[in-house]
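You will see two complexes here that share chain A, one where it goes with chain B and one where it goes with chain C.
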Partner chain A sequence: MNMIRIKWMMEWRLAAVRNGMKDALAYRWDFLIDFFTQAFVPVGIQLILWHSIFTQSGTTVFGGMKYTELLAYTWTSILFSQVRGGNYDFALIEMIRTGSLSQSLLRPVGPVEFVFWRGFGEKIFTAAFCLFLGLLASYFADRSVLNLLLAMMLAVLGNVIHYLFGATLAAVAFYWENAFAILLVKNMMVSLLSGEVMPLSVFPAKYSWIWESTPFYLYVYGPTQVALGKWSPEVWAHHMMIGFGWCIAFAILLKITWSRSIRQYQGIGG
Partner chain B sequence: MIAIYWDVFKTIFKNNFVKEFIYRTNAFAMTFADLIWVVVELAFFEVIYSNIANINGWGREQCFFFLGIFVSSDALFTTFFQRSFWEFPMLINRGDLDVLLTKPVSPVFLATMKSINFTQVLNLILGFWIIAHYGPAAGFDGGLAWLAVFFWIIIGLATQYLMRFVSVVWAFWLERGITVSALYYQLYALANKPSGLYPASIRFVIKTALPFAFMGSLPVLSVTGKLPLQDYLLVAVVLVVYTFLARTLWKRGLKRYQSASS
Partner chain C sequence: MKNPQTSIEVTNLKRSFKSVKKESGWRGTLKLLTNPEYITHDALKGINFKIETGEFVGLIGANGAGKTTLLKILSGLIPPTSGEAVVLGYEPFDRKLEFRKQISLVMGQKAQLWWDLPALEAFDLLRAVYQIPRDVYQKRVDELTNLLDVTKLLNTQIRRLSLGERMKMEVIGAILHLPKVIFLDEPTIGLDVLAAHKLRGFLKEHNQKEGATIILTSHNMDDISQLCKRILLIKEGELIYDGDADKLGQRNECQLKVQMINETSIDDLQQSLTSVEARISKDEASDSTFLITIPRAKIAESFQILFQRYSIADVAIQEPSLERIIQQIYQQ
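Take a look at the complex of A and B:
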């Protein structure tokens, strides 16, 4: 009996991942354009900006970083900003708003977890491609493969934290009818505080407590530091522990918020 | 003719107002979210200028002044057009454009103005506040120069409308035109930084092929008296070319349109 149950638990999760992968590949051109625009256009703009700052202002150090260090950071951060990405939490608020959550509640799988695995399936190609690019780059740039793998693990943990946090916030949709705005605010804060726009070390010291007190730095800044060899495996382990701590905290919050909020649900929208 | 369009606009306005405030809390939260976007942009420049005093003649105050004009122009565009442009590819993919083609007013007018977003009002106010607050330090005299600011905000609005139109009209040819919209918004990051922060080649691109500079950079240079005369001519030429391109693509797209799932 237990074996059947375990098999079922594995099967539905794998099916959800497969479903997400199929959906991502249904429109192949869009998938490719999406990947290249999301990965390379913002980075291209950042690189242009760094180039301008150094060439047109005549400075040699910006926020304690040399030009080459900023370039290395920006290129490396692409790998992890793609892994951290994923707006599956928006699917949850849409389900609550439209009432389509009702169908999910009738199924023997949790809607929050189902949306995660399905979204993860969509992202898995991007993550695999990023890892491949990273391995290729580590060969030419003389970077440690171990560091890259450790960094990717941290980024995947960041992806999980990102979803748990988003799903917790999505519970607001049970009260507000539509919580699109709150997730939008979360994404804006994340884009600045995760380190995908610029290295967090260039923040003035008096503001560094802001990013240090959120888990967002584990999404991009942390993994990039690990991949570049600026964080030792010991520091990586320390931040992985912090990440797990955030995961547990958000998982508990998620449980509490959803179990309480779902009582508001009327099946015709939140 | 104008009266018909005015009546249609009033109806759209009323319908959208009701639709927006069905979800009142979300509407207020969206207003807050849009404000956060401006705060994030301000924070970005604050971090940059906490490390450096000046980039190619653009100091902290000039950058914030630029942001004020850009935010105002963007707030107007977002209010009247942004949602409609997001939905535009769906009109084509699902065949909903059929309905608009049968109406006695321009289908482009209906397709690009059917959804109004009321959550950007505070951004518009904030944009003007930023202009007023940082303008004097950036070389903006105020007074009659405000007319020039309004003029450039309208130019920025028209530019964004045309660029966005040219980016979404590809939905006639693509399976899911929403991807090109995503590409547009990735490139839009070029608009929210002053042109002086870019090298000469990029400055040329954002004044011609992708005229994002018309939304903030050129207006700042113009109202502070630093815009060369030939750039005024360039603005006119680029807008005319974009209008021609938009009209041509729309007409060709319509010929290709096969109703649902075209």
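Take a look at the complex of A and C:
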């Protein structure tokens, strides 16, 4: 591969990320309100829930965690749940359904990857903002900055896996014309099995294989454990490897599903 | 493709679509859920043609005739059911990288630029996507925006532009990388007279200057008659005319515009001109003026009859508009 080609491959991806960031910030108030409500409303619900459980049942440990540990988990998990929440797979199904995928298909870059980098541009801004908040919190709570950086890397990897999985499912839209419900179900499963709604340690031990056999725990639960110092850098490295494995598996699956199903595309609405 | 001068070659191209038949009412809705019925529609029924490099070709036909389907196949969006299409030496649906770098599709009803961003941001992304060197890109943006009078709007969000301004930006975005083949699907739809005129002038100049092969579909016959020397006319998935736009107008009939001195009726004229198979109507602008459509071969005979039997103030031979000719072909 010559240097010109490598330069081009870098350049268009960076341009797409920049474009996505600008798109995300086109309406700054909408961006900020969306960011904060998405982050704090679920946290508020969880805090009320934990408070009720501990005060009404009189228990001191829930899911292997004390009340203060649960609070720390909940506050820390916000940072990573915001990073994982890319919904650009929904953009893909909308493009297939309305026929607006056509323009992307004709450009000399892959449409799935193009949508990813634009969406990533939006998320990278969120990730940077979350990292800033996390660093601020680490300073005051005397937590490891390195752990937070490692955790954010895992969360970003989770974001990539999340998109690859969603984009693979989005290929169903070529056959059904709309795959909104499938992606909605996927997101509900992710919310439950990623550790976004509650720590995965709450799951009974005999059912832990359920979340362990999906990549979703790498989105929020894993990064939160790293940030809180419960996973060592060695454990982090191990889960990063698992994450890369999922990435490769989904990338292969994505290529197969899209190359087969694209023949069904009709580019309607023209 | 054997001839390097040929940009597009289409051989016995067919395309069918399968769709679900939806009956009205609750029964239809339930049937759709439990036992959907499929219908097959043949959008293209074996089309053949060749387009040389640098040609500006008009692709016309009624709604649902198969024009857009043909453009989608040629641009590589959908595969044909059977037959072959070769564009710039590539099979379009393979969507090879080199092929995609050399073509462009503008759909009047679909935006390719990003709604919430200014056109300049979109152009910059397209520059990176198509590997246009920065100095060349800057020069090209300046030139194209000047030609279309949109330089001042480069930093305005796309969604804030008028339809005409947006369409101009769409066209600039589509030709920024100087594609060798451009597919234009109703680029002047919804544009006012001035904007459409400006866009037509621009497209004509671009075709002449850059030598790009352009296929244009439009329901606006001004677009076709002013830009395209050659016409492909599609009716119900079949190519029914492929040739010069001028010859399409000459091959059938012409129209005489006759102003009478004395009062005359359509019936009377019809009776007099039975032998020349004339079709007669009154000119909307004047009660004493008639529009007489006759076979081109019978002009002399018609004049003879008219001057023998009527007192005529003025007579002119009119070429029927392209729109009228196509309307006639469709009615046949």
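Everything that follows uses one rule, which is that the second predicted complex is superposed on the first by the 267 of 270 C-alpha atoms of A that agree within 3 Å, B and C clash if a C-alpha of one lies under 4 Å from a C-alpha of the other, contacts with A are read in each partner's own complex, and residues count from 1 in each chain.
Here, a contact is a pair of C-beta atoms (placed from the backbone, for glycine too) under 8 Å apart; a residue touches a chain by one contact, two chains touch by 3 or more.
It should be emphasised that the depicted structure is a prediction, and the values quoted were computed from it without experimental measurement.
Aligning the two structures on chain A places chain B and chain C next to each other without any clash. When the two complexes are overlaid on their common chain A, residue A:Gln56 makes contact with chain B while staying clear of chain C. Of the two partner chains placed by the overlay, only chain C lies in contact with A:Leu106; chain B stays clear of it. Looking at the shared chain after the overlay, A:Ser232 reaches neither chain B nor chain C. Seen from the CA centre of chain A, the centres of chain B and chain C span an angle of about 80°, rounded to a multiple of 10.
Counting residues of chain A touched by each partner, chain B versus chain C, the larger count belongs to B. When both complexes are overlaid on chain A, the residue A:Ser213 reaches neither chain B nor chain C.
Contact with chain B, but none with chain C, is seen for A:Ile45 once the two complexes are overlaid on the shared chain. In the superposed pair of complexes, A:Ala179 makes contact with chain B only, with no contact to chain C. In the superposition on chain A, A:Met188 makes contact with chain B only, not with chain C.
Once the two complexes are laid over each other on the shared chain, residue contacts for A:Val202 go to chain B alone; chain C is not touched.
After superposing the two complexes on their shared chain, the closest approach between C-alpha atoms of chain B and chain C is 5 Å.
Chain A residues 27 lie at the interface with chain B in one structure and with chain C in the other. Note for the complex: chain A touches chain C at residues 4, 8, 11-12, 14-16, 18-19, 22-23, 26-27, 99-100, 102-103, 105-109, 263, 265-267, 269-270. Chain B contributes residues 22-23, 25-26, 29-30, 32-33, 36-37, 40, 43-44, 47-48, 50-56, 119, 174-176, 178-180, 182-183, 186-187, 189-190, 193, 196-199, 202 to its touches with chain A in the complex.
By the touch criterion given at the top, residues 27, 29-30, 33-34, 37-38, 41-42, 45, 48-49, 51-53, 55-57, 59, 62-63, 175-182, 184-185, 188-189, 191-192, 197-198, 202-204, 207 of chain A touch chain B in their complex.
Those residues of chain C whose C-beta lies close enough to touch chain A in the complex are 17, 68, 71-72, 75-79, 95, 97, 100-101, 103-105, 107, 109-112, 114, 116-117, 121-122, 124-125, 127-131, 157, 185.
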